[in-house]
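The chains carry the letters A, B and C, assigned in the order they are written, with residues numbered from 1 in each.
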Amino acid sequence: MDKPLISHHLVDSDGSLAEAPSEVPKVGILGSGDFARSLATRLVGSGFSVVVGSRNPKRMAGLFPSAAQLTFQEEAVGSPEVIFVAMFREHYSTLCGLSDQLSGKILVDVSNPTEQEHLQHHESNAEYLASLFPTCAVVKAFNVISAWTLQSGPRDGNRQVPICSDQPEAKRTVLEMVRAMGFTPVDMGSLASAREVEAMPLRLFPGWKVPALLALGLFIFFYAYNFVRDVLEPYVQEGKNKFYKLPVIVVNTTLPCVAYVLLSLVYLPGVLAAALQLHRGTKYQRFPDWLDHWLQHRKQMGLLSFFCAALHAVYSLCLPLRRSHRYELVNLAIKQVLTNKSHIWNEEEVWRMEIYLSLGVLALGMLSLLAVTSLPSIANSLNWREFSFVQPSFPPQSTLGFVALVLSTLHTLTYGWTRAFEESRYKFFLPPTFTLTLLVPCVIILAKGLFLLPCVSRRLTKIRRGWEKDGSVRFTLPADHSLAQKTSHV
Amino acid sequence: MDKPLISHHLVDSDGSLAEAPSEVPKVGILGSGDFARSLATRLVGSGFSVVVGSRNPKRMAGLFPSAAQLTFQEEAVGSPEVIFVAMFREHYSTLCGLSDQLSGKILVDVSNPTEQEHLQHHESNAEYLASLFPTCAVVKAFNVISAWTLQSGPRDGNRQVPICSDQPEAKRTVLEMVRAMGFTPVDMGSLASAREVEAMPLRLFPGWKVPALLALGLFIFFYAYNFVRDVLEPYVQEGKNKFYKLPVIVVNTTLPCVAYVLLSLVYLPGVLAAALQLHRGTKYQRFPDWLDHWLQHRKQMGLLSFFCAALHAVYSLCLPLRRSHRYELVNLAIKQVLTNKSHIWNEEEVWRMEIYLSLGVLALGMLSLLAVTSLPSIANSLNWREFSFVQPSFPPQSTLGFVALVLSTLHTLTYGWTRAFEESRYKFFLPPTFTLTLLVPCVIILAKGLFLLPCVSRRLTKIRRGWEKDGSVRFTLPADHSLAQKTSHV
Amino acid sequence: MDKPLISHHLVDSDGSLAEAPSEVPKVGILGSGDFARSLATRLVGSGFSVVVGSRNPKRMAGLFPSAAQLTFQEEAVGSPEVIFVAMFREHYSTLCGLSDQLSGKILVDVSNPTEQEHLQHHESNAEYLASLFPTCAVVKAFNVISAWTLQSGPRDGNRQVPICSDQPEAKRTVLEMVRAMGFTPVDMGSLASAREVEAMPLRLFPGWKVPALLALGLFIFFYAYNFVRDVLEPYVQEGKNKFYKLPVIVVNTTLPCVAYVLLSLVYLPGVLAAALQLHRGTKYQRFPDWLDHWLQHRKQMGLLSFFCAALHAVYSLCLPLRRSHRYELVNLAIKQVLTNKSHIWNEEEVWRMEIYLSLGVLALGMLSLLAVTSLPSIANSLNWREFSFVQPSFPPQSTLGFVALVLSTLHTLTYGWTRAFEESRYKFFLPPTFTLTLLVPCVIILAKGLFLLPCVSRRLTKIRRGWEKDGSVRFTLPADHSLAQKTSHV
């Protein structure tokens, strides 16, 4: 009769408790560092009996959980069927003396090569281990989990453990063990995938590299543009010293441009993709690679846009704190008194500021809601209909984000007011900065308006429900065109 | 001997690895859209062998994971025992030609009807599928999971998958498969529940509808009230043009009223419920429906209150940025100079502003802590005693929220100062707006004070530990009355 | 043949569905309060058949899920093998009449004693229950899960359920049941651990007590210091009334000191620990207890620092709103007019404020990123290399946090400018407050600079990869010194 590693037989047919296996199963760990310790803690907590083998067992006393047996390497590999090799690659060869005892067992490679090691060696650590011990079944697992996550327990987010191996039954054994420890195993195929699995933790915020560089590039461009217009031109043309504007004011007129352009770039690929589907007449053709990558980076670009918008808000609120602001106010009052004016009031200026400030606060509020719903815990507690309301995932449109884009556009237009038409605002023939930022958003808003026209909307819905321009599928369109929202589900 | 779909037998009694099944189990998917693709990806990653059937297999090449077999529908339904039907309802009938091959298998209905389809058809999609294939066991599952969540893996929040079916063994099979894919299955009963399960994703932020409408209603009421007092009355009585106040100032005096009233409405039902329990003398009677719904919406009302308070803070901080503020300051300086005053200082006004600003910032700080601890990831990492410290769940009281309510009350009272008693503040005989908002919070604070009196506190504790006014249970009260905090646990 | 509680046999070797057990397994619950109700809801949702026993079954009708059977206690304990005792400790003895029927079954103690009960009784509730029913197997479980979490389902964070029992097979049965309900069981050993397990929920934010007291102490110290310098000294020396500064200005010069000192205390233990390892020449010796506790509280101190910094930002932004600010501006304008100055401008003052404001905003931005990445959902979605980039876990350094510390230091230095050298700034011979705060951060920055020197860096890397000053291990150092980042992994 089978004696399973974890007993799932709780109640026999006659209602009595099932017999428990008399032996307690053992799992072995070779190594004595942080990761070996976290691994031992989690295995003990999940109900396994653990034996740890090290070169110097006495030294580890006190650092490892008391329920784990500590012994020399030779004794540790005797009884367990599954052995975790928690060592650096350069020490694998020291285990060759144990080849005989290890024969026929499952070795789990948990190593995490550094970037230099990854580039230096052509074969992955797992394949190297497999070449040293051809009689063992090598499984790659756990390298993406940090020692801290292992010890505190799998919480949200990173509980997925990629697993790969050449032997399916060894892989299945480790897969079950990973589940028993509370993690979610993901089968990545054969040991040839090990190199890719080992590269996973090396990527530092992979999805953020391009959006961050883009944001930086936009910042440098707009900062230079504003510097030329607001600081250099008065200095060159009129000899005025406005260099004190560099730390706060120029930054504060640059950040909103970056935020606004990034936000529009979040919604542009959706418009391009819809236009492409309309043109091709089918949804089954792949998008060009650049469009695919652009679509995948939208969330990061949106979050960077929110971060820049929030910084812009804080800088703006800081403006009245500055000594220069105080001096400007006092100088204005002095000037009014000296010219015998008793009351100043420019109704148009007053209304302009009230309106564009209010719109700015509302736009920031919308962006905060978008940012908060991006958090993994909230994003995953929304069902799909709520999620398409909030996030810009294609094909469903994001209503909340589009409202934020419209509010930001109104904020920019009201800030601009009539400045695009005043000649004094053109320094060195360069137009006011805000005019540069308005191009892409206006294109997007126009395109979205076009997509709402009945003829275009109807065709787009048909395509998303599976119709093809040159296909042979008999297709009937349900009467409700709002299916455009729903079409991604199947 | 049984050959399970997922092998749980890892180690035999003699210590050797158990024999693995020689066949790889198959799961079938009918359909070729986004959801079918995400389903295939997750099933392959969880260790299943997947075969996908479609009308046009060649078209899908490149879009599906490489480990999944792509073939025509007729071949796909041959070997698997469990088949996911990832198609639109209108295409179910096209499968009737495969009835013979599908006989005796488990069909999983993952469809998500739109609102219009949901209203149009009287029977759910799952029951319709069951009527088309009476020899199959139909199980409803996965309709609440979006394609994105399926593909990226179950993270926090929405990992729960409601399952219902008329056949218990088919339901159990799918329940195990759901667990193996990393999700948490929830048994919803028989297939008659399918209609309710299909309605789940259609609800757009269901718990938020009433609180949002309430907040909007409060905003409109207070905005109109402030408009009449601050803009209309000066215009009618004195001909002054204060319309520039509409975008920012009137909004900024409306938002705190909405936030404050909402916050008090979060704590009022707790007080009413405690009063009801005291009156009835038992905790075992149900509350009236309106009180029950009110108690359930408290978290949403609290978050809306925080959002309005945060917007109020940003609008307030924007006040010195406005051109009108600058003109007012300059005009004040000019006036002082022209009337030969050399120094202005109103000590009482200064103290009033310093105090109520400081209280406002502290109240906002408390509300931020409440909002942050509402986030799913943090809320669930608190144990029950910490949670009752923070959140207003009845019966445990929320200490932090009550402190926020008290601080907001002090902020409002200090802002008001003596204005409720100055005749000039009554426009059209309407009292200052802040007086309207103080009613409910003061009732709550008085009631909480009453509940702290020994006789009342003692009786409430008895009731919460199971005592009944007209019950026959022998009841002994532990000496410690602070059990009032603890009583919800059993 | 075994009839498991949950069937894992889905497909037999010949491809047909496995036979399902004909009986539906039963789980019993004794009790009728909130926790019993939540437990019943979750068990029913996980596929178990539940029978609930109470003293007064009719009273519970309508409160419990319809799928659960409600009956008297005597009937409820008849068929189930596992019975949850969801009652208060003082009622355990009332079950003694059922001893015969309970014999040989598994009793699960879910009780949560209050602090007073915990101190009053010497043995834990579980051990007391075991002494009342010596023929039963008592298992302690679920006491750390709140009724709300049980009912809404295990989400992120707190899904871990500590389990302990003297009987291994009973413990394993309950362990499997906990897994089936979607939670992650953690084996805590024998029933002797029950007292420790029962103490777990009583700790109110355990990790926060010391950091909160520290922050409060710092606040009181700096507030008193600033009070003496800014309010008392002008009053004593010059008779000026500056007491209006107490609510906002003195608070606003105290909060940044608290935030800055806390932030430096987050990075100091890392420096001390590295110095200790260098001195001892090994990484295998335990740190002193005080250093260990300090290292564990770093995250809480960092979050408190961010909270104080955010409050400081809001208070600073409030400064222009105050009536005193308005009066000061107007008085300054009046003074200028009366002394016939037509234009005031202090270039050095202007630059000083622009720079230190800008640095302050950037430092706050960095701290916000640190705080956001502390959220459990985000922290756990980062892989280990990203995590060490962000968080100050030793040995990996936190780059982002160190940048925040440097920016804060520059912000403080620029705010200080030349004030440390002006005699007028020394009130009662006390130096300006910011000078006190600069001590620890400068030590940390110097030490980090020292650790970057090649000779020191090389030795530290060797130690972290396992080298010992007096060890006998042959050690070869890979050419790449950047392994210092990686060393914690094994």
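Points to keep in mind about this one:
Going forward, a contact is a pair of C-beta atoms (placed from the backbone, for glycine too) under 8 Å apart; a residue touches a chain by one contact, two chains touch by 3 or more.
Values in this document were obtained by computation on a predicted structure and should not be read as measured data.
When the CA atoms of subunit A are superposed on subunit B, the rotation angle comes to 120 degrees (nearest 5).
In the contact between subunit B and subunit C, the residue numbers used by both copies make up under half of all numbers at that interface. Spacing of subunit B relative to subunit C, judged by their CA centroids, is 23 angstrom. Multi-chain contact residues of subunit A, defined as those touching 2 or more other chains: 6, 8, 155-157, 159, 317, 320, 329-330, 333, 337, 375-377, 381. By the touch criterion stated above, subunit A contacts subunit B in their complex at residues 1-6, 8, 21, 23, 25, 79, 81, 106, 155-157, 159-160, 168-170, 172-173, 175-177, 179, 184-189, 284, 286, 313, 316-317, 319-320, 329-330, 332-333, 336-337, 341-347, 349-355, 357-358, 361, 364-365, 375-387, 389, 393, 465-466, 473, 476, 478-480, 482-483, 485-486, 488-490. Across the interface of their complex, subunit B is touched by residues 6-13, 15-20, 24, 31, 33-36, 44-47, 55, 59-60, 62-63, 67, 86-88, 90, 111-112, 114, 116-117, 144-149, 153-159, 182, 200-205, 244-248, 251, 307, 311, 314-315, 317-318, 320-324, 326-327, 329-331, 333-335, 337-338, 375-377, 381 of subunit C.
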